[in-house]
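There are two complexes below, and they share chain A, which is joined by chain B in the first and by chain C in the second.
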Partner chain A sequence: MFRLLKDKIYSKLMLVFTLASVSLVLLIGIGLYYKSLPLLHKLSWGTLLTSSEWRPLKGLFGFFPFIMGTLWVTAIAIIIALPLCLLTSFYITEYAPARIRKILIPFVNLLSGIPPVIFGVWGVLFIIPLIQNHIAPHFVEFSTGYSVLAGGVVLAVMIFPLIVSIVCEVLMTIPHELKNASLALGATKWETIKKVLLRKAKPGIIAATVLAISRAFGETIAVLMVCGNNVAVPHSVFDPGYPLPALIANNYGEMLSIPMYESALMFAALLLFIIILLFNIISRLILVRLERGLSE
Partner chain B sequence: MTDNPHISIQHLNVQIGNHAILKDITLNIPNKKVISIIGPSGCGKTTLLKSFNRLLDDTADVKVTGKVLVDGENIYDPNVEVTHIRKKMGLLSQRPYPLPMSIYDNVAYGPRIHGTRKKKDLDEIVETQLKATGLWNEVKDRLHAPATRLSIGQQQRLCLARGLAVEPEIILGDESTSALDPVSTSIIEDLFVSLKEKYTIVLVTHILRQARRVSDYIVFVYMGKIIEFGPTEELLLNPKEELTKEYVKGFIS
Partner chain C sequence: MIRRKLEESFFRVLMVLATIIVAGSFFLIVGTIFYKGMPFMNWDMVTKIPGGGFYIGKEGGVLNAIIGSLYVAGGATVLGLIISIPVAIYINMYMNGKNYVATGLRIAFDVLFGIPSIVYGAFGFFIMIYLGIRASLLGGILAVTLLVIPILVRTLDEVIQTVPKELRDAALSLGATRWEMSKVVLRQILPGIFTAILLSFGRAIGDVASVLFTAGFSDNIPTSLHQPAATLPLAIFFQLSSPIEEVQGRAYASALILTIVVLIITIFSSVLAKRFSKNKIQ
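After this line comes the complex of A and B, so read on.
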C-alpha cells in the first residue's frame, strides 16, 4: 500500500517538474513580450522590423540590419558546413576502416566541447587575417576581415560536430542490406551514397540541419568577436554585420540609461525567440511530411 | 555437368578476424540450374553466397584466398572491376529492401547506373521485368508510387525484377523467402523454377523442403566445409556422407 502510494507521488512529482520546465519556454516568451511593450507602444511592428534606422538617442529603433545580420551569418555557416558535414559523415560511416572510425567519431565530438570563446579567438587570430589579406582582395577593394563571412566560417566550424554526429548516427541505422542491394546491382559506393543513402537519410539530415541552424541563430560570443558589429545591412559576405545575439550581449547592462534601450534589447531577444520558434515549427512540418512520404 | 560453369570455386578460404568461416571450398556450379546451399545456421552458407559477388569486401578484417571464377574470370583478381562482376548477378536478400524511390525507379535503377538513359528503353525494361516477376498487372497503374507501399511479398518480387533488370546471368538468393507468407513464398519459388531457363540460380536456404521443391542440385555445408554436393533427390534420399544423413534426418541442425 505504502509502496503504491510512493509510486503515485513520484509520478505526480515528475509531471509537475516536467510541466514546470516546459512552461518555462512559454514564460520566457511572455516575459520578453511584456518587457518589450514600452517599445511596441511607441513604434509599430512594421517599423521595428523593416526600418534600418538605429538611433537610440533619437528614439529610433530599426531592427532590420540585425535581422539581416543574423540571417547572413547563419546562412553562410550552413552553406559552408552542410556539404563538408555530409562528406565527412559519409567518409566516416561508409569508407573509413573500423579502426579509423573509432578514432574519428570521438574526435569530432571533441570539437563540440571546445568553448565558443576559443572559436572566437581562433577566428580573430586566423580567419580575420585570412579574409583580410588573402580572400577579400580578390573580390572587393577593402575589407577589414571583420565580416559576416568570418562569422559564418567560425559558426560553420562550431556546428560541424553537431551535424556530423547526428548524420553519422542516422547513416548507421540504415540497414546494411539496403546498401548491398544497390551494390549488388553493380552500383559503386558513391552512386549508392548519392542515390540511395542520401535519400534514405534525408529526414535525418534535415533534422540535423534544423538543430544546427537553431544553434547558429543563438550563438553569441564567437560570432560577436569576428563579425564587426556594425549597424548596417550587409550587402556582401565581406561586409560587417551585427547579429541579434551580439546586439544584446554587447549592450545589455551598459546603455540602459538611454530611454527605451532596455525595452529595445528585450525586443531583440523576443525577435530571436520568435525566429527560432517559427523556424522549428516550419521544419517540423516539413519533416513530418517527408517522413510520411517515405514510410508509406 | 557442363563444360563451362558460370561459377567455379577453387580452394576458397574466407577468414574473418581469426575465425575461419569457409575452408578450402571447391565447387563447380552447373549452368541454368537451381542449386541450393543447405546447412545449419552459422555454417558459412551465406558467406559462401556473398563471396560470389564480393559483397564480403566491406566486412571488417576479412581475408579471402583462393579463386572464384565467374565466366572464367577470377573475381578476386585485383584488376577486376567489382561493379562489372556484380552486374552479372542479381541478389535477393532475406527480406525485401526496396530502394527509397518509386516502383518504376527501383527497376530502372540498375539500367540507369549502367548507362541506359532513354525513357523508351527504360519503360521497356521495367515492363518486361515486372512481367517476368508477375508484378505488372498488380502495379501497372501505380508505377510511380513509392515501392514501400507494396506488400512484403510484392516487394520481394520487385527486388527480383530490379535484379533481373541489369541482365545478370546468375541469381543469388539468400533465404529469400524467410520473411514471406506461404503464398508469396510459393510465388517466389515458382519464379525461381521458371527463371532457370535463362539463369543460373544459387539459393541459400535452411528449409529442406524448399530445397527439395525448387533445386536441381544441393550443396551441404557444415562448419565451413562442403560435405556433399549432388543432385537433389540423390543427396536428400540417399546421402553418401554420415553428416549429411544426420542433417537431412534432422539429427543435427
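After this line comes the complex of A and C, so read on.
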C-alpha cells in the first residue's frame, strides 16, 4: 500500500515539474508582454513597427531600422546557406562513398557545437578583413567591413549544421524504390535528385529552412560583433545594420535610466519571441507530420 | 544525351564544392582561432586572474572566467537535471509516451529549445528583479538553467525511448509500480544521462546572451552565489574590443580555451550519443 502511495506522490510531483517547465513558454510571453505594456500604451503597434525614428530621449521608439537589420542579415544568411546546404546534403546522402560520409557527418556535428561567440571572433578576425580589403573595394568606395554582409556570412555558417542534418535525415527516409524506379527509367542521378528527391523532400526542406530562419533571427552575439550596429535602415549589403537581438544585448542594463527604454527593449524581446515561436511551431508541426507519415 | 551527362557532371562538381565549403568552414574557424590564440597561450593564462582590471591590465590570465564558466555551466546543468529527469520520466512512463499530449509536450520543448538565449537572458533578468537578485553567479545559473532544460528534456526523452518496451513490461508484470519501473529504466539509461549532461554543459558554457545581464562580470573568482561571476564567452566578448594588444591576446587565448573545451565535449557526447539517438533535436 505504501508503495502505491509513493507512486502517486511521485507521479503528482513529476506532473508539477512537467507543467511548470512547459508553461515557461507562456510565462516568457506574458512576462515580456507585461513589461512592454508601458510602451504599448504610449505608442501603437503600427508606429512601433513602421517608424524609423529612434530617439529614446524624446520618447520616440521606431523599430523599423532594427527589423530591417534583422531581415537583411537573415535573408543574406539563408540565400548563402540554403543552396550550399542542399547540395551538401545531396552529396552526403546520394553520392559520397560510405567512408567519406562517415568522416563528413561528424564534422557537421562539430560545427554545431561551436559557441556563437567563437563564430563572432572568427567573423571579426577573418570575414571582416576579407570584406574590407578584398570584396567591398570592387563594389563600393569604402566599407569598414562591419556590415550586414558580414553578419549574413557568419550566420550562414552557423546554420549550416542545422539545415544539413535535418535535410540529410529527411533524404535518408525517402524509400529506395522511388529512387531506383527513376534510375531504372534511365534518369541520371542528378535528374533523380531534381525530379524525385527534391519533390519528395520538399516539406522537410521547408521545415529546415523555417527553423534556420528562426535560429538566425534570434542569434545575438555573433551578429552583434560583426554587424556594425548603426541605427539606420541598410540599403546595400555593405551597409552596417543593427538587428533586434543586438539592440537588446547592447543596451540592456546601461540605458535603463531613460524612461521607457527598458520597456522598449522588452518589446524588442517580445517581437523576437513571437516571430520565433510561430516559426518554430510551424516547422515542428511539419517535421512531426513527416515522422508520423513514415511510421504509418 | 551529352547535355544530360554534362549537367550531371556539372552538378556533381557543384555538390563536391558545396560540401568542401560546408565541412571546410569548420577547419577555417578552428584554424583561425588556433592561429590567433596559440601565441598568447601560456601557463599564466589558465592559472592567474587578470592583473589590473580585465579591460586595461596587461598581466595575468583568465582563470576567473574559466572558474566562473565552470560554476555557471555546472550549476545550471545540475539544476536542469533535477528538473528534467522527472519531466522525461513523466512523459514516457506515466503518459505512455505515444499519445497526443506527449507529442504536444515534445513540440513545446522543441519550441522552447528554439527560443534564442537573449530572450532567456531578458526573461531571467526580469525574474531576478522580481526576486530581488542582483547580477550574480546565482542569476547566471538561473538564466542558463532555463536555457538547458529543453535540451536535457529532449535528449533524455530520446534516450528513454530506446529502452526496450519488454524491460518495462517485465518490471510491471512483476508487480512493480510505475515509479519502481522508472528506477529500472533510469539505471538502463545512465550512459544516456551522461550524454545529456555533456550536451547541456557544452551549450551552457558557450552561451553569452543569457549571462550577459544576469551573471555580471568580475576580475575575481566568485566565492559565494551572490557575487558577480565572469564567464569565458563574456571574457572573449569584452576583451576583444579592448585597444590594448595584451588584453586582445587574452581574448584570443580565451577563445582558444573555449573552443578546445567545447570540441572535447562535442566529440565525447557524439561518441556516446551514437548508441542512443535515433532523432536528435537540432
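Throughout what follows, the second predicted complex is superposed on the first by the 259 of 296 C-alpha atoms of A that agree within 3 Å, B and C clash if a C-alpha of one lies under 4 Å from a C-alpha of the other, contacts with A are read in each partner's own complex, and residues count from 1 in each chain.
Heads up, the rule we're going with is that a contact is a pair of C-beta atoms (placed from the backbone, for glycine too) under 8 Å apart; a residue touches a chain by one contact, two chains touch by 3 or more.
As the structure is a computational prediction, the values presented were derived from the model and not from experiment.
A.B. asks: Quick one: classify A:G46 as touching chain B (first), chain C (second), both or neither.
C.D. replies: Touch status of A:G46: no partner.
A.B. asks: Touching A:L185, do we find chain B (first), chain C (second), both, or neither?
C.D. replies: So A:L185 only meets chain B here.
A.B. asks: Which of the two partners, first being chain B and second being chain C, lies in contact with A:F126: first, second, both, or neither?
C.D. replies: second
A.B. asks: Looking at the overlay, does A:I276 come into contact with chain B only (first), chain C only (second), both, or neither?
C.D. replies: Touch partner of A:I276: chain C, not chain B.
A.B. asks: For A:K195, is the partner it touches chain B (first), chain C (second), both, or none of the two (neither)?
C.D. replies: A:K195 contacts chain B only, not chain C.
A.B. asks: Given the superposition on chain A, which partner contacts more residues in chain A: chain B or chain C?
C.D. replies: On the superposition, C touches more of the residues of chain A.
A.B. asks: With the two structures laid over each other on chain A, which partner does A:E177 touch: chain B (first), chain C (second), both, or neither?
C.D. replies: first
A.B. asks: With the two complexes superposed on chain A, say which partner A:V164 touches: chain B (first), chain C (second), both, or neither.
C.D. replies: After superposing on A, A:V164 lies in contact with chain C but is clear of chain B.
A.B. asks: Return the residues of chain A at which the contacts from chain B and from chain C coincide.
C.D. replies: Touching chain B and chain C on chain A: residues 188, 191.
A.B. asks: For the complex, which residues does chain A have touching chain C?
C.D. replies: Against chain C, the touching part of chain A is residues 3-4, 6-7, 10-11, 13-15, 17-18, 20-22, 24-25, 27-28, 31-32, 35, 83-85, 87-88, 90-92, 95-96, 104, 106-122, 124-126, 157, 160-162, 164-166, 169, 188-191, 193, 211, 214-215, 217-221, 225, 245, 248-249, 252-253, 265-266, 269, 272-273, 276-277, 279-281, 284-285, 288, 291.
A.B. asks: Chain B touches which residues of chain A in the complex?
C.D. replies: Where chain A meets chain B, its residues are 97-98, 175, 177-188, 191, 195-196, 199-200, 293-296.
A.B. asks: Mind listing the chain C positions that touch chain A in their complex?
C.D. replies: Checking each residue of chain C against chain A gives 4-5, 7-8, 11-12, 14-19, 21-23, 25-26, 28-30, 32-33, 36, 83-84, 86-87, 89-91, 94, 103, 105-112, 114-123, 125-127, 135, 146, 149, 153, 177-180, 202, 205-209, 212-213, 233, 236-237, 240, 251-252, 255, 258-259, 262-263, 265-267, 270, 279-280, 282.
A.B. asks: Can you name the residues of chain B that touch chain A in the complex?
C.D. replies: For this pair, the touching residues of chain B are 53, 55, 58, 60-61, 83-84, 86-87, 89-91, 93-95, 97, 99-101, 109-110, 113-114, 146, 148-149, 159, 162-163, 166, 172.
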